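Both complexes shown next keep chain A, but they swap its partner, so chain B is in the first and chain C is in the second.
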Partner chain A sequence: MAAPLTLVLILSVTIRAVLFRSSLAELISERVEVVSPLNAWKRVVEGLALLDLGVSPYSGDVFHETPLVIYLFHFVVDYAEIVFMVSTFEFSGKYNLFIKQKYALEADRYPHDCLELMRSPKEMHYIPLKVAMFYLLNPFTILSCVAKSTCGLNNAVMALFILSTLKGSALLSAIFLALATYQSIYPLTLFAPGLLFLLQRLYIPVNPCRSRFWFFTVQYSVMFIGSLLVIVCLSFFLLGSWDFIPSVYGFILSVPDLTPNIGLFWYFFAEMFEHFRFFFICVFQINVFFYTIPLSVKLKEHPVFLIFMQIAIISIFKSYPTVGDIALYMAFLPVWSHLYRFLRNIFLVSCVLLACTALFPVLWHLWIYAGSANSNFYYAITLLFNVGQILLVSDYFYAYLRREHHLSQGLYLRRKDGSEATLVLK
Partner chain B sequence: MGLLSDPNRRKAITSLLTRLNTPICVVCYLAGIAWFMGLAFEPFTLRTYMSENAMGSTMVEERFPSGERALATAREFAAHKKKVGGMPVDWLVKTMRAQGLEVFTQSFSRNLPFPDESKERFVVRGTNVYGILRAPRAPRTEALVLSAPCSPGNSNNQAVGLLLGLAQYFRSQIYWAKDIIFLVNEHDLIGVQAWLEGYHHTNITENCRITSSLGRAGSIQAALSLELNSDVVTSLDLVLEGLNGQLPNLDLANLFHAFCQKLGILCTIQGKLQRSDWDTVEGYTHSAQTMLLMVLKQASGRPWGEHGLFLRYHIEAASIRGVNSFRQYKTDATSIGRLFEGMVRKLNNLLERLHQSYFFYLMPSLTRFVSIGYYMPAFGLLTTILLLRALDLWVHLGTPTPVTEDGVGEGESPSSPGLLSVLTPVVISHLTGVALYTLPVLSQEMAVEHFPVSETEAVVLTAIAIYTAGLALPHNTHRLISGEGTEQGWRVLKLVALLYLAVLLGCTALINFSLGFILAVTLVPAAACVTPHVPKALSAVAMVLLSPGCTILYCVFLFQELQEVPVSLAEGWMLFLSVISQGILDHALYGSLVYPLLALLVYPCWLLFWNILFWK
Partner chain C sequence: MATRHLFIELQTLNRRAKLKIIFAKFQCLCIIPALVGVDKKTCIQFCLCTFQEEMVIRPLYSGDIYASFQFRTQWDTDFLHDGKKVSHYRLFPKSLGQVLSKFSVRELHISFTQGYWRTMQWGQPFIPSPPGAELWVWFHHTVTDVDGNWKELTNVLSGIFCASLNFIDSTNTVEPSASFKPLGLGNATDHRFLRYATLPREIVCTENLTPWKKLLPCGSKAGLAVLMKSEKLFHSSFHSQAVHIRPVCKDWQCTSTAWELRQTLNVVFDLYTSGQGKKEWSLFKMFSRTLTEACPLASSSKIYVDVTDNPGGELFDLSPSSPLISTAVVLGDRRTYSVYDLTKKETFGQLRSLNLLLRWKGENDMLRPPLHAERYVSGFGLQKGEIHTCLYNSHPYRAYPVLLLDSLPWYLRLYVHTLTVTSKTRENKPSYIHYQPSKDRLRPHLLEMLVQLPPHSVTEVTVQFERALLKWTEYTPDPNHGFYIGSSVISALVPSIVAMDTNSTRDRPLFSSFFPTKEESSYFMRVYTEPLLVNLPTPDFSMPYNVICLTCTVVAVGYGSFYNLLTRTFQVDEPSAPLAKRLANIIRRLRGVPLL
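For the complex of A and B:
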């Protein structure tokens, strides 16, 4: 286990180091797919320069990262490359007891013929390695790391949140969730799965009539809100002003920067009449948060899968998505390798995602450099890319539900007359 | 979504697609070719029309009077050129200054990676001379370019003469709203490249040293390049194909055509006059030839005229070439001057860059065009084959694994035998590609030392040698590394290769449709049919015949055939060699992408299929 992991680590460090030194690094860090106005390294450097001059980094309209990040880089700016690498590798530290616990929880509960649906311990043994490999060797992660996008830091914080939740440490989990929320608001939706998981771990049933349920919920919320307050106040004291609130969160929520990216916002709001803007911004932003409710209801027994779903939804619908966000949820895919047999459109979806990834730079070239295409071409691919991602996520969701169904009903369904039945989703 | 979620319908569709896979693929291929050939049939094409309002409704009057004087200037220029033995820089500066232009010179030097035998140059030193006519009526933020090359020998003198004549006439007019730059460049495209880089302060290509006192006009909106070899011409030929198959806005072609009609000048495209009898076989063949010539020229990715490099800077540009043949009907220099005057005046009226009309088109004649919406289906049908084959393989990979196995193991099984046996050929063929890309230029000195060849021959022959050696390499090494290949192994490899090829061709076709289509025509059948179980010798020959290298060879012969200068086999081979060396030079000099695309991506992809054929 350790040896292959080391190998993967060495390989990924080498790839990144080579790319950092090559002329490609500059090219990559300019790509709109890889960096967004929120996390571009160029902007962080600008913010640092302003900070050094004693000006508030938020005084211009360039810097939109949170104060903690800029103070972090204030101290380690010379080692920026190393920081980005470390933050990437923290993620791989996520390999853990992840599924083992789940397995322990699930065993013995299901009909006998479902054994083949369960994971063998041997498979489970390799899952952490696969997760690390999927994340570290994913071209998306590599690009994002080479571009020195601060997205890597956000991913690391999210990974730490997941890790501490799975370890069952409520305090750490709340702190890291607060950090992630502080970084980019959207991880707020992970509150529900985090809470559900911890409840499950403590064998507290999700039952509004029970006082223990309410006691723990309040306890977790207080820890979360408390640490969020502490972090925000810390930023205030570091910076001496509340400038960062509109500049970071206002920027995320009201989407003033319509630079093309792989998300759905830019084209829509560039085309829109100004007086509809507020309404549609509300619609688009609520869209990100809204899915938490139905998903939490449906998946309340399966908080880990819920975390995956939430991260995927955030990275699809957030206002400034980059490929680094996609890499985060893609790293989870090997965890669900047991769902593979129930996936229906994986071929179609992977073809679409592959083709779109190749077409992004091509259409960008045609639009910006050759001048022969226009923004519609690029947006068409963005749209297709996101449809592909949504199909992927919903496919996994369906497969998960179907597996659950089979676990309780038996794998081979029979009609009453004895013929083989098929499950139809209507 | 019923299609995607209803298992019964899904099953029905997949079984239909797998059962009828081969017939559907054959039909798609034939339909794709037929669709493409049908594009030249006149009822299927659209008539060209002027989209840009600023150029359409505004009438201009052409009054250029001094054709004879321009020809006299041309003779003077020729005399001075002969005396200096190159570009008469001082004379040009003096003449332009006398006409009241702001004159600047720019000297440049450039080392070619290896000697260019067709143009006999290796170390290039030259000077561009250009004069700027400042716009009297506007804030000088925009500019137009008129350029004429100063070619060696006795050619193109009339073009420079006409350019100077136009400059003198334009100087006395008051209606200019854009600066007009009159550029006389040396060493054809190298000079243009140096000038554009100097003007825009960019440095795209290395090894180019530019020294200049650069005077600047506004941002360049459009450029026209003029090539004229005789005092009178029978027709004017419009050249559109630029670097990497980029085309100028169709309105520029419309503008040219409109003025030729107005002034009664014969105009051609690809050197072919338009015929009116589209419903006869000859008429159709004629337009098919014209379109195919355009496709071949575009696919080559070379700039076919001086204008070709302007396009990269987002400047709409075209070359206009005078042709003097044995026809009775002649056009004199005054008319040509009026044509240019009219075109420049209409361009001068532009309020924004040309953008209304099409950028992606093919022209079967000057009045007809095929837009992207009409020609893409032809390519789409060919790519569908790849996707259908991939789907077929995917279904095959999914079904035979027994259901009784462990649920997880089943999911992994398609990729687990594959990973190493797929990765190795992919890496090896790409390394071969990298060798093909880098070695020819790097190893020329060594080759010249050891073999009795010139540098150019050395480069081309090394390229061919590596290309051929690549055929032997991969299927030998992968057996050593990953042992026996399995039945599933080649299927996974083929699946990967099919998707790779589909994405690659798709991206190529978006940037340069012609190149993508030509590659698809030859590569798709090879990719679709190849398995390890077909007769080895026969299919190996077929594969080689359908390889990218041979595609270039066919294109050379086809091009000569269409231009009505058929060549013998030996001549064709020599042409093929020079095409390769030109391709490498174009990449090094102007940044043409065809050579790296073929060497680094298409050739390795084809090697993967070659590898499947010899899968053991």
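For the complex of A and C:
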């Protein structure tokens, strides 16, 4: 196990080092699919330069990173590449522990014929390696790392949150979640799955009538809000003003910058009638947070899958998505490899995603450099890419629910007259 | 020998032009008639068509330069002879030949002009023409319906020259009785067969030049017509292109007639617009091309440079010098011309290209201002760019500081960490920088810096920016024109040779007392650079409803899938009974009888 993992690590380090030193690094760090106004490295350098000039980085509209990031890079700006590579690797190191946790929760209280649905220890043994490979060797991750986008740091923090939750440490989990929420607001939705997992681990049933439930919930939320407040106040003291709040959170929520990216927001708000702008901003932002409660209710027994779903929804519907965010939830996919037999659209979805990934740079070039296409072409591929991602996520959700159904009802179902049954959603 | 000459010439041309010229020359070699047995004299008469091209360059008194091209094709044929339809065209363009025979035209004169000929400053043109389009035609005396022919003729010419000559109708056509007598042969003076019309509003552009060039035997591939590049020709004070067709006498006794087609192009290049203020003209400066060969189909190809005002070479230098001098009487004056014969190989010299250069003497000691600035945008594409500001200090030994102020709109997102200041290829750090970053839709960028300019040097200030995508309502009605960026302001105390007067109360002319002077050794100067025109990426302005619908559809696809999976459960699918059975069951239930 250690040897293949080391091999994968060495290979990914080599690829990243080669790309860092080549002329492609400059090209990649300017691609709009890989960097966004929130996490571009050029803007971090600009913020540091403004700080050196004596001007607050938040007085302009170029810099939208949190103050902790400025101070982190103030000290390590020369070693930025190493920082990014390290954050990538610690992310991938999570899943060794993660998988062991997952297996422990699978009790054998399932019908007899579902044995083939259960995963053998041998399969499970290889999952951490697959996850590490999926993340480290994913072209999206490599591009994001070479572009030195701070998305990698955000991913690392979320990975730490997942690790600490799975390990059962409520305090660390709350701290990392607060850090992730502080970086970009959307990980707030991971509060629910984190809470559910910890409750499950402590064998507290999710029942509003029980006092144990409320006790733990209040404890966890106090830890979370407390650490969030501490981090925000620390940022205040670092720079001496509250300017960062409208610059970072106001920017994420009100989407003033319409730089094209792979998300749905930019063209929608470029073509929006002024009268309805505020309404649709609210609709689109609520859309990200909206699925938390229904998903939590449906998946309260399966908080790990809930974490995956939430991360996927954030990556698709956030205001400035990049390929680094997509790489985060795609790294989870090998964990659900046992759902492969229930996936319905996987071929179509993978073709759509591959085609769109190939067409993004082509249509960008045609619009911006050749001048022979216009913004509609790029927008169309954006739409298609997001539809592909939505289909992927909902396909996995379908497969998961179907497996759960089979685990409780049996794999080979028969109709009343004995013929083979078909399952539908009704 | 002739074939070898032919092959050497052909190497310089591309394939299509080669085929055209081979075909034309082949005909002239008269090989086929020789094989058939026809004698040479008949053969020469059969395909006698000559083509001459010439260009006259005349420097004008005001520093501008006048170039006049004439291309003449003379053809012995008779378009108007009854019964014999001309179908074999060689050098004469077929489109014009068909027009002449169909509408029984005896003389045709059409001109397209942009600009007005300034006679007081430039003298007389060789071929005068009014601004806009002018068309006058003499029809043959056998024509019965002159107006009908005129209308159809204007429409056909409109198509040939890509001009809107179809606006010529009875409201702007006249029959002058005395002013426009036939310029060619013809003794008919019945002015019922003459029609004259002008369209003063007609604009001339590349679309008119291209079909005009296509009428030439060599096209614009060889000979003098290669100089006709539209970006230079239309960037001039005066441009006129014309086509003149008339019958002429072939010899002195006028025993037989021939058709003459003259295509003329007159252009006047302005000293300041095209010449950048320097009194030095060359073929390359005027036309951005040099000549490499004469048109192979031309029997004569010459350039005449008017050197009447330059008898001993004391006004300007002409290079390469030509031994041929000729004089001609034109417009009532005897003028001397230096002649360059393009059909001779020696004219093109060692480099095989001819670039005539006229350089005026004694003009280069212009006073250089001590401080001068230029600004431009570099880069390509609509994503990013770079602004370069060049500051020129032409003082020979004094260095002085300047304050540079740049105010850039918020939609050019400036990256101050890319700001570099270099003088003489070394970095020159500004001693004071004040930067106020922009806030989207609230305030622009403000960049002020104090730069020390070393003596006799160029200092370049560069800064990179990114172009933002704006909301569709924030674009001007002509978004692809670009956005204007205001000038940079450079303020400096420039060292002065003459001591300045610091006493501001003394009686002085107004023009010397605008800026206050505090010291004797320097004076205050403010220089403004050029404004910039920057293109931003544009969304599609016709798409608001479509975009809203499509994006909301994608969000709804997500919502719908999740809604289904969250609210529905898996059930075994019981196939429903066919319709007949269901109806039967309903009736049976009503009857109280056991179901099927």
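Just so we're on the same page, the second predicted complex is superposed on the first by the 423 of 426 C-alpha atoms of A that agree within 3 Å, B and C clash if a C-alpha of one lies under 4 Å from a C-alpha of the other, contacts with A are read in each partner's own complex, and residues count from 1 in each chain.
To be clear about the criterion, contacts are C-beta pairs under 8 Å (C-beta built on N, C-alpha and C of every residue); 3 or more make two chains touch, one makes a residue touch a chain.
Model, not experiment: these values are computed from the prediction.
In the superposition on chain A, contact of A:11 is made with neither chain B nor chain C. Contact with chain B, but none with chain C, is seen for A:359 once the two complexes are overlaid on the shared chain.
More residues of chain A lie in contact with C than with the other chain of the pair chain B and chain C. In the superposition on chain A, A:229 makes contact with neither chain B nor chain C. Touch criterion not met for A:218: it reaches neither chain B nor chain C.
After overlaying the two complexes on the shared chain, residue contacts for A:293 are found with neither chain B nor chain C. Looking at the shared chain after the overlay, A:271 reaches chain C, while chain B stays out of its contact range. Of the two partner chains, neither chain B nor chain C is touched by A:24. In the superposed pair of complexes, A:317 makes contact with chain C only, with no contact to chain B.
In the superposition on chain A, the residues of chain A contacting both chain B and chain C are 369, 371, 391, 398, 422-425. Residue ranges on chain B touching chain A, taken from their complex, read 4-8, 10, 246-247, 311-312, 314, 353, 355, 359-360, 387, 390-391, 394, 404-412, 499, 502-504, 506-507, 510-511. Those residues of chain A that touch chain C in the shared complex are 30, 32, 42, 45-46, 48-50, 53, 55, 59-62, 256-260, 264, 266-274, 284, 287, 291, 294-295, 298, 316-317, 367-369, 371, 374-376, 379, 383, 386-387, 390-391, 394, 397-398, 401-402, 405, 413, 415-416, 421-426.
Per the touch definition, chain C reaches chain A in the complex via residues 380-384, 410, 413-417, 433, 435-441, 445, 468-473, 537-540, 543-544, 547-548, 550-551, 554-555, 557-559, 561-562, 564-566, 568-574. Put simply, chain A touches chain B in their complex at residues 116-120, 123, 337-338, 340-341, 344-345, 347-348, 351, 354-355, 358-359, 362-363, 365-366, 369-373, 391, 398, 422-425.
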